[in-house]
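Read from first to last, the chains carry the letters A, B, C, D, E and F; within each, the first residue is number 1.
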Amino acid sequence: MYFHDKRLQYPVKVDNPDPVYARALQQAIGGIEGEIRVCLQYFFQAWGARGPSKYRDLLLETATEELGHIEMLATAVAMNLEGAPISEKEEVAKDPIDGAVLNGMNFRHILSTGLAALPVNADGVPFDTSHVYASGNLAADMFANVTAESTGRTLAVRLYNMTDDPGMKDMWKFLIARDTMHQQQWLAAIEDMGGIEKMMPIPNSFDQAEENQDVNYTFMGTSRDGSEPVQGRWSSGKSMDGRAEFKSEAMEPKGEEPKLSPPKPGGGAQKEQMSMVQQGVEIAKNALS
Amino acid sequence: MYFHDKRLQYPVKVDNPDPVYARALQQAIGGIEGEIRVCLQYFFQAWGARGPSKYRDLLLETATEELGHIEMLATAVAMNLEGAPISEKEEVAKDPIDGAVLNGMNFRHILSTGLAALPVNADGVPFDTSHVYASGNLAADMFANVTAESTGRTLAVRLYNMTDDPGMKDMWKFLIARDTMHQQQWLAAIEDMGGIEKMMPIPNSFDQAEENQDVNYTFMGTSRDGSEPVQGRWSSGKSMDGRAEFKSEAMEPKGEEPKLSPPKPGGGAQKEQMSMVQQGVEIAKNALS
Amino acid sequence: MYFHDKRLQYPVKVDNPDPVYARALQQAIGGIEGEIRVCLQYFFQAWGARGPSKYRDLLLETATEELGHIEMLATAVAMNLEGAPISEKEEVAKDPIDGAVLNGMNFRHILSTGLAALPVNADGVPFDTSHVYASGNLAADMFANVTAESTGRTLAVRLYNMTDDPGMKDMWKFLIARDTMHQQQWLAAIEDMGGIEKMMPIPNSFDQAEENQDVNYTFMGTSRDGSEPVQGRWSSGKSMDGRAEFKSEAMEPKGEEPKLSPPKPGGGAQKEQMSMVQQGVEIAKNALS
Amino acid sequence: MYFHDKRLQYPVKVDNPDPVYARALQQAIGGIEGEIRVCLQYFFQAWGARGPSKYRDLLLETATEELGHIEMLATAVAMNLEGAPISEKEEVAKDPIDGAVLNGMNFRHILSTGLAALPVNADGVPFDTSHVYASGNLAADMFANVTAESTGRTLAVRLYNMTDDPGMKDMWKFLIARDTMHQQQWLAAIEDMGGIEKMMPIPNSFDQAEENQDVNYTFMGTSRDGSEPVQGRWSSGKSMDGRAEFKSEAMEPKGEEPKLSPPKPGGGAQKEQMSMVQQGVEIAKNALS
Amino acid sequence: MYFHDKRLQYPVKVDNPDPVYARALQQAIGGIEGEIRVCLQYFFQAWGARGPSKYRDLLLETATEELGHIEMLATAVAMNLEGAPISEKEEVAKDPIDGAVLNGMNFRHILSTGLAALPVNADGVPFDTSHVYASGNLAADMFANVTAESTGRTLAVRLYNMTDDPGMKDMWKFLIARDTMHQQQWLAAIEDMGGIEKMMPIPNSFDQAEENQDVNYTFMGTSRDGSEPVQGRWSSGKSMDGRAEFKSEAMEPKGEEPKLSPPKPGGGAQKEQMSMVQQGVEIAKNALS
Amino acid sequence: MYFHDKRLQYPVKVDNPDPVYARALQQAIGGIEGEIRVCLQYFFQAWGARGPSKYRDLLLETATEELGHIEMLATAVAMNLEGAPISEKEEVAKDPIDGAVLNGMNFRHILSTGLAALPVNADGVPFDTSHVYASGNLAADMFANVTAESTGRTLAVRLYNMTDDPGMKDMWKFLIARDTMHQQQWLAAIEDMGGIEKMMPIPNSFDQAEENQDVNYTFMGTSRDGSEPVQGRWSSGKSMDGRAEFKSEAMEPKGEEPKLSPPKPGGGAQKEQMSMVQQGVEIAKNALS
């Protein structure tokens, strides 16, 4: 269960409120690279964790931290909206980039929240929880977490670069640093379980002898002209898991053209899709019904 | 641009059609772990790739392959639906698990497609392209791809284990093997760019000196009682990028309780939320309007 | 069943078309606070109403009225788009707030409708019918309706304040008045059924003796330091339903740390998540298969 | 910011795991009546709260509690999935209602999570945050909260009635009791601000003199035959806010049939939609381009 | 504006309530082939119609009719749910197809509505208004309407074939007939505007001389081996609009391999994606900041 | 299976990059009128095609072509974003329409992709695959395809008219021409199967004698006053399928007011919705439990 402290994890200050930047900040709240996502993702991974309890504990610690990051960003949005125009006639501070503030705002900051944050992204699209990756496989989840923190830190850097506000820059210095650590810690968790080599292929509990041995370490190309696919670390040398040698080849069809049966009578197709026999059956059925 | 061959990449055969398994297979088509996702993800990464062209080429090869995997699975769904019941009175083959076939089907296989695949997951939820991760940062994208193939192979293994059909098992042996390779190749691409250590933290083009140095390699715990957070590879020793030593600490608030201004007059709040001054302004404004 | 009259419920006039305001108006059509929502919500409540028919009738009357409100607003959007720019070179009337009209428009008003309304909100997000609250419990539904009309009137007031157009202001005076009445009438329906006190807790057909008697009238706080939660009408005195006295307390865990079983063999987890016994079983199974 | 305790708020026990009931329980996690919704709703209301701080504090306490309820339910789902079948051949415990367990399960409990909870509803539809109502108007939000707890308790009662499992029933007795209190406390907050009468119409900061006085306390009927609308507490007597007398009337159109301009040349309409003049302009423009 | 009559457009009777069939019926309410879609589609086309008023009138008539069809189907769902089981222990009437009724139901019919219809499809996915096609081009819209009624009648036929209930069959005879007429009437509207030939290509107000003349009547094939594409009415003979002769050819690339610039400094990419010059700039910028 | 050529189907050039136009272009990628939609729609129709193989082949050819169109447009978006501003202070080229470039951009082009295309529409809403119409009825699907190409070409014309860039205009001349052909070819496929008259009503495999003969060729009006519905080609004369004469009439209710049973005890309704008998049962049940 959970507890709160009314104070923020780190100070949030806005020197020059900027309602257009508030729209940009929404990406870090409700975007797929944002904080609601990592918060719920780590919680659901923790709540469903089967196996050694330390990974569950690890996930709970950081999930709980992330909840505080949503709070910081929601506060930052509300502070950037202080004094924002709410009508077309209102006298507005000049937009630093020579356009109209109102045009560049998310109107729902005016219409739906009265100048506060929304759980949506920078385009106003609500977050949906299909982005909560919690697969029941700890290694897959740790890679999902590294990914989330990598796209998350990329987003944070972009938002840091977008603004000149000293308060906002200071907040981002903190959050970028936390993303650095979170990238590290999920990679460390993989090492804690034995390291990338031992973890792969994921899931490592499936007997690799059952998979098709012709294609499991072959890089395949799809160039129309059948030329050799692009070469790199992936096309020759030892595989990353150390279990095989990479090779590469141009792909060719091994299957046949698929043949489906004609539609089932009574199934709502057109007569022209049916075989002659089927059409007869259909006519007879109709005559009898 | 793109070309097709009417034949499949690998043979798809179904020995004993099973319309309930067709519902399960949908997860591999339209699920977040499925083939539409990786196909579009690799294409969008390729089409937006900035930097050395070989990674663009690499992405295009595999994106094009994945399109053929959607085709294989869509064919497998249609074949599992051959002969499926389409009415409640229809004489049905006994469900091998002692229940009714119709109950366990996705009704839209009957109602919306006439016994063919849908671009939806096993619960009938349509795929949406917010799951296409293409961040403009190649390293972040490669981790997203490792993740996609890890959850993808996990799903494939579960679907392999769910069925006894020899044709379906053979198809999965092939697809599981391809997932093995794809996990390998995206990791290999990271190595090709210099390796995990050099790539981190992502994005590595951001000057780490700008991030908060107090918290960028510190594992933080949120236990209510302030006890030391759970220990592991992430809490001490050299960081994964080799640039620092991990440390750990119990988290304490560094910020203050946030104070937002009262609502803006005319902004649709309740009077009780406003300051005394604001309420006076509101009354005056109403009197004058 | 339903009938129409080509005339509008109330006149819609636009003195100075404003295509940016057309974007704002969309919130009142396709937003969660908007008219499609209340229209469908009241219809689905009516069509599923079980119990005294007068509430069904009440719902049908207002649902049908709301359909006419969508029509009024769709007309208002189209009228605000009269003469809107549809290309970047087009000579445009100066934006009253000193920015570019085109930038502030919803581009789909140009690209998808040819200058007419969309069933989307101010951010262009389509309405989805998960927002149709029709629970089968009349009291819960009436509160949902009061809520819908409260957020609806709040939105209407904000849109009224956003514009100076006399025609638009007149339309809003009408629609705001209808929202006033609709708030009243749903509250009146609760009173008609016996009043808030008698209706609560919802559903009132559940025997309250079965609920946990220790916590059903206790306001619980979650401050980390275990301090007394914030006091107010909710923390002492007679409960709103008159059946108990409120009390308050700091919350403490009553449950244990949850312990889930290790993952099921064959279930796609990592070996490292499994017990020693399970790992042996997995190896044996693989050897035999 | 936030802290956690590894223990649950209240014990979660499952005597007889039931994977079909796990599917039903999902509605209480990811459904619109469920716990993710109230948790995020109360947090966003708190983080954006403008006005007296005590309502912000009140919201934070309960938001934090609700996070623990998601945790309890996610645990309950995982426990109900212990031992669930994951393949069609697996020997399964007989379904208590004479059907197949597998058919009645959410397949994603097998395929996507390895027998753990998902942030989706009972139909597998992900939760999306458009359901987070946080309007910036405290009274509207309190009604939204009463609604959420009313539909939430209705759902809880239905889930309580659906099962015979003693552990599950005990958990529900606790959660139903908390819903009782939460209904009470949000109503109490309205009283704390002055009571329903004083709060209405919402928003009460809008000068009611500006709204159309003819229709703001009139119940309107839409019967085709113009008959008097259904009578009740809403059609006569003092209005709920005490400011007027209810009346009722059959609705008649007060507006005209709307007339939109013909489509703009170059706007992608059909020629047949254009006026003769426009068609000439189009032809001339084409000739000159 | 709109009016109602409490009676249904056509009688809805259910002889043998079937809660599993209620799940199937949902597709006709909230599916993309269903009644909410056509209702809102015709209304939005009408409300945004520019050009001759008769098409607006035509659309309004049928939109209003469709509202009554949603009502009929919602009633049919509720009637099929009469007496449905709401708990696992409840004595249930044997499922006619030898399975468990409860397993085959949509649980939200129990949990979210108390045995009434939902605005969702047969898989429980809510309808969303992105499916409302109203393009501002009357001919495109009429084809959208023919499509909607074609998939709608196909669905209706499948639902008719799925059941044996005399009441349900009678309802479908009526609704299928209406779909027949609606297919006819939208085609008739195209003829009313001048016929398919004159309407094409849509939009016909665009000067066809501006389009690329090499490829506007050429059927193009994408076979990998460059073989001639599949022949049919589309590959030779007069085009359907009578303005050209069809031809066919195998497609070859006419463009070049696209070359995007390296990522912008400060844009969050990896260093490895940048040119040497850019990397130098980045280093210098970091050193100076 | 599929192959690629690195070159584009047709050259994509941008003379004057315009990041606001990049936002508009997104509609042609991820909009419902866009290329992802037609690509996936034709693929799913092909993969599920039952009946004569030539229609499957036809669909595969064009599906594969459309994949190359997504690629062209994604390239066009990235090229229009070359040099776009990514911070508020950045010196920006003046927006040709006198506003700020940044305000008019989709911020996710900066924040989520690093200046590349997204699989979303012009409002940033992700594409979802519910728009893939593949009904299993070939005639219905062909109409869906004509519709898709009609709204697609309408969109293309609007985007062509929105820009002055010679490179972009040239690309659109090509894509508009392909839309012309695609409209033609799907109509030609209908003729190839026998023509519109023979195909109707869709599905033509359903025995029309089973549908209600009173209303299957009757245009029905819903004017409140019972006046004759609007006349046109749809109200008299031979029906479009040549099987009947159109007639028209004002609609009147043929059904009764629906009467649903009171709610089921234990189903979570309010007591006030129940009959006296039910309330007694509920009380007794509670007393005994």
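In this section, contacts are C-beta pairs under 8 Å (C-beta built on N, C-alpha and C of every residue); 3 or more make two chains touch, one makes a residue touch a chain.
Since the structure is predicted, the reported quantities are computational estimates derived from the model, not experimental observations.
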| item | value |
| --- | --- |
| Least hop count linking chain A to chain D through chains in contact | 1 |
| Intersection of contact partners for chain C and chain D | A, B, E, F |
| Homomeric contact chain B-chain D: same or different residue positions, threshold half | different |
| Rounded Å distance, chain A centre to chain C centre (Cα mean) | 26 |
| Touching two or more other chains - residues of chain C | 1-9, 32-33, 47-48, 50, 57, 60-61, 64-65, 75, 78, 86-87, 95, 99-100, 103-104, 110, 112, 114-116, 120, 123-126, 128, 130, 135-137, 139, 154-155, 157-158, 161, 202-203, 206, 210, 222-224, 251, 253, 255, 258, 260-261, 263, 266-269 |
| Footprint of chain D on chain F - complex, ascending | 154-155, 157-158, 161, 224, 266-268 |
| Touching residues on chain C, where the partner in the complex is chain F | 1-6, 47-53, 85-89, 92, 95, 99-104, 106-108, 110-112, 114, 120, 123-126, 135-139, 193-194, 199, 202-207, 209-210 |
| Complex contact set, residues of chain C against chain D | 3, 5-12, 32-33, 54, 57-58, 60-62, 64-65, 72, 75, 78-79, 82-83, 86-87, 110, 114-116, 125, 128, 130-131, 133, 135-137, 139-140, 143-144, 146-147, 150-151, 153-154, 157, 160, 173-174, 176-181, 183-185, 187-189, 191-192, 196, 200-203, 206, 208, 210-224, 229-234, 239-241, 246, 251, 253-258, 260-261, 263-264, 266-269 |
| Residues of chain E that touch chain B when the two form their complex | 18, 20-21, 23-24, 27, 31-33, 95-100, 103-104, 121-125, 154-155, 158-159, 161-164, 222-225, 251, 253, 255, 258-263, 265, 267-274, 282, 286, 289 |
| Touching residues (chain side chain C, partner chain E) in the complex | 1-9, 30, 36, 40, 43-44, 47-48, 50, 57, 60-61, 64-65, 67-68, 70-71, 74-75, 78, 112-120, 126-130, 132, 134-137 |
